[in-house]
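The structures come next, written out as structure tokens.
Two complexes, one shared chain (chain A), two partners (chain B, chain C).
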Partner chain A sequence: MDFAANLFSTGTLSQILVGLSRTTILFIVSSGMSLILGVLRIPNVAHGSLYMIGAFVAWTVIQFLGGGLFAFLAALVVAPLIVAAVGFVLERGFFSYLYEREHLMLLLLTFSFALILGDLVKIVWGPEYRSVTVPAFFQGSAEIFGLPLPWYNLFLLIVGPCIAVFLWLVINKTNLGKIARAAAVDGEMVGAVGINVGWIFAFTFVLGSFLAGLGGALIAPMVNISLGMDHSLIMEAFLIVIIGGLGNMWGALLGSLIFGLTQSLGILVWPQFGIAFPYLAVVAVLVVRPRGLLRSTW
Partner chain B sequence: MLDVRKIDTYYGQSHVLFDVSLSLRQGEIVGLLGRNGAGKTTTMKTVGGMLRPKKGTILFEGEDVTGRKPFQLVRRGICYVPDDRRIFSDLTVDDNLGIVYRRTREWDRERVYDLFPALREIADRRAGVLSGGEKAMLAVGRALMSGPKLLLLDEPTEGLAPLIVRALEEQILRLKGAGISILLSEQNLKSSLRLIDRAYIIDNGRIRYQGTAKELENNDEIQRMHLMI
Partner chain C sequence: MRRSAGLLLLLLPLAALVALPHVLPRFHTYVAAIVLLTALLATSLNLAIGYTGLYQFGHAVFYGVGAYGTALMLTRSGMPAPVAFLVGPLAAAALSLVMGLICIRLSKLYFGMLQISLGSLVWAVVYRWYSFTGGDDGIHGIPLPDAIASPKGSYYFTLAVTALCVFAMHRIVRSPFGKVIQGIRDNPVRAAAIGVDVRLHQLASLVIAGFFGGVAGSLFVVVENSVFPDMMFWTFSLEVLIMCLLGGMYTYFGPLVGASLIVLLRVFASVHTQYWGLILGTILTLVIIFLPDGVLGLFARRSLTKEDRGA
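On to the complex of A and B.
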């Protein structure tokens, strides 16, 4: 009875909205991972590290500019760009030499970069926790159907669909996006129509890294920025990409929704075990559809 | 314009091409004839840069292009059309043509659609749902977008209905008329004789015979030994 009472209580809706805003960040990070997985075929274990770097860089930018709304918005632009630059160096400097090798080699390389980047973060920012306060502009709550929803969560709820639309436009309406889609299915043939696939891969990796950095910057005011924040995220992002369908951007959206909502609703239904619900949902999805919910490019 | 000199190509450990030499002059259609597994596709892929020869050189317009990557060769004017077409099935017909690197402004979508009017009518369709004939036309049209000087057509009519084969052959002859040189691989001698000026016959990875179309037509012994008739 308790479960049902909790589930239909007035708090449910605001819990759903909070869950959805968390979904936004999961979606932004996992869509970047899915993009890289689909086009370059790299399961990028270092993706979580890029997200962590995004959060730390956002902190630095905000410190440097002395806080406030402007500093925060600047961080949302600068952090993803710096992470994208890191991605560019990784792709051109290392990954691009291994595309013709076995997949296992690439997987190992990304794993080693997850460790190296983790240590670099420790060297640059130290082992302490960092935190970013939500700018005054976003403090307080909005009233949605008579229920309070923090302004920052509302902001995330607006950013998420914007990113989805932006990605959709890039992938479906630009020549670069179309080439990337073709390369996801048959990279060799893209080369055989005169396109330097290497640069398409670099572009995709940079875009994916940008999204990881953006996710990190967006989550900065909501969590303690710390070493190790990459580990939990990388697990979640991988699971989301797997249940959504490898390389499918809408799959990443669907997977994030399932993950974020089962998490926030799970806490309502059974608070002690709330954290287990998303994983149970993953198991359920994989039992029914082992290859993911939507069409995979693999 | 194309001069392949004594190339040896391997697939991993297995030696597939032995000492293959062939040449092609500007504006010619040259056939590369042989049975299944004789080495036709391997030869085409080696010339197109998708496989790297272990020995030998490939000259194009007098320049050594051995070991260049496919995209570099396309920009140089050599474009390979695979026997299994490999069109981008997720993209529309129009986008399949649109994403190609264009070496010159001579070829554009309009010109490809003029050559294959059937493609114009299905321009917005996803390429994955096309019929075999439409895919074959799209594969050739896609290659044309790059403005090739030399087309490598790997069994372009394989698996198509006779009526469609005829139509495609007409288009190939029109390409020759437009000054494009073509290296055409084919299993079937009869159909290729309508197109080719000269031919090489390949068997077990070695060139066994070369001659003009007419010489080949009259040489029953060679046909029996190396070809499917």
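On to the complex of A and C.
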């Protein structure tokens, strides 16, 4: 332990652990975005709004059930499902007609949805801050290498890899996932062998939205739930997806790690400009590897 | 014949704009000045995105750097005001060159995202550097030369500079250089095959667009007397992009029209409702689905092809 204490100050280590739990949220949200980018080719700016809706719905569910562990777990299930339903409506109602448009148009269209959804959230939930208390079950801290780590952060550190494994299984081991991957490479050909590509796209979009909602519900106890949380997150998610390699799920994981860790360590190194470090990392990655770290599906 | 008609079409609105402050109350003159400089901003963005085909997603950064450059020179240096008004746009052009050198190797979406990332970097520094840029508060009460400090003075200054810049950019677009960048937009491979240095032309176009974006930022200082970091946030970049799209990206005056529409709408909507995003989002959705060529694009498509045949 002395060795570790010499090598890293305790501050560094706990900051790394905080960064890793932040990474979990970033990964869950950006993997959903990456999925949508990879299969549907939509740079979905409204993804951040879906995440925000997830957080607000989680708050409502917890409020409705009166708090406690059960209410929190219920929110973790209900919020992503509701967000997935919103995603389903968006995909079937709008995107399914617009896949042939160029990316610029799709980006602006999703931006317009982000604006609309942002105001709808304002109408439904009002402009005030909301906060969710961490359920009693997760309160307190665990000891890791002699450092206190909140149980909730530990919970996130467990959830993250579980989601990664789950996604890997869905994409690589199920028929649906295999078809979706094929559709990402050549949608027309998949259609030609008699598979309804439209529904594959809808499924992918719904899964991506589900992940956005889950990210929102998971972050709910850690931050003030507020309007504008979509704007700050969406850019991070976009950049993560870009540096990881468009549509590559492991790239999203790698990108999230880079982003989460530079963010938390940057604050330690230079508190004033801590928020600039992740962007610096992104620039460095893209200068060295212009198409992202891992192979993109594009 | 056609030339004189076109000249009349240009001079009439200009005359109306000159007469404006004598007719309208003070607040509306201020709004008109904002419309003008935003129109200049949108037109400069269109140089990069509409004419060169580069996904310039971070244009507001050049606007912001132009504004901050001018504001900082006016407040912190003893230099005369004209120098400050040159430094802002030149700083924007220099930043545009640096960012362009980094981004230009990438194509389309990657280019746009790297630019947003670099822009966010600039934004983050401005947002946090309290001792120099004033941080998230921005800079207020910037001292201006007496001639342009009054509402009317600032309006006429904005009008003159905007008109000059819009004219200059029009000349650039019509010059051989302008034809080359449009050729690059339509088919970069073919342009390279006939010996055009694609990267160099794209870079030049980015620098020009950045410069004029910076000019718009300097004008913002004149009209608003303050600067704040949100003017270079990425959401505003996309909003300017929307202006171009709304007016029509492949027409020269489209972005001007789009910017006017959006700014006016925003001012008058903010009186009645706080749900501006809902309005803008709905308009944008409708435009993308029904009017992908923009408002002017609808009318211009036919006349443009006629003109090209004549040329």
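Note that the second predicted complex is superposed on the first by the 291 of 298 C-alpha atoms of A that agree within 3 Å, B and C clash if a C-alpha of one lies under 4 Å from a C-alpha of the other, contacts with A are read in each partner's own complex, and residues count from 1 in each chain.
Definition applied: contacts are C-beta pairs under 8 Å (C-beta built on N, C-alpha and C of every residue); 3 or more make two chains touch, one makes a residue touch a chain.
Model, not experiment: these values are computed from the prediction.
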Chain B and chain C placed together on chain A: clash or fit? fit
* Asked: Between chain B (first) and chain C (second), which does A:R92 come into contact with in this model arrangement: first, second, both, or neither?
  -> neither
Counting residues of chain A touched by each of chain B and chain C, the higher count belongs to C
* Looking at the overlay, does A:Y279 come into contact with chain B only (first), chain C only (second), both, or neither? -> second
Vertex chain A, Cα centroids of chain B and chain C as endpoints: angle rounded to a multiple of 10 degrees is 90
* To do: Answer with first, second, both or neither: which of chain B and chain C does A:M189 touch in the superposed model?
  => first
**Message:** For A:R130 in the superposed arrangement: first (chain B), second (chain C), both or neither?
**Reply:** neither
Discussion item. Quick check on the superposed pair: does A:P290 touch chain B, chain C, both, or neither? Answer first, second, both or neither.
Written reply: second
| task | Applying the touch criterion given at the start, work out whether A:G118 contacts chain B, chain C, both or neither, answering first, second, both or neither. | result | second
Across the superposed arrangement, the tightest C-alpha approach of chain B to chain C, in Å, is 16
Residue overlap on chain A between the chain B interface and the chain C interface none
Contacts from chain C onto chain A in the complex sit at residues 49, 55, 102, 105-106, 108-110, 113-114, 116-118, 120-121, 124-125, 127-130, 233-235, 238, 241-242, 245, 274-278, 280-285, 288-289, 292
The answer for chain A against chain B in the complex is residues 175, 178-179, 181-182, 184-186, 188-197
Per the touch rule above, chain A residues touching chain C in the complex are 43, 45, 94, 98, 101, 103-105, 107-109, 111-116, 118-120, 122-123, 231, 235, 238-239, 242, 246, 272-273, 275-276, 279-280, 282-283, 286-287, 290-291
Per the touch rule, the chain B residues reaching chain A in their complex are 48, 50, 69-71, 74-75, 79-80, 82, 86, 88-91, 95, 98-103, 142-143, 145-146
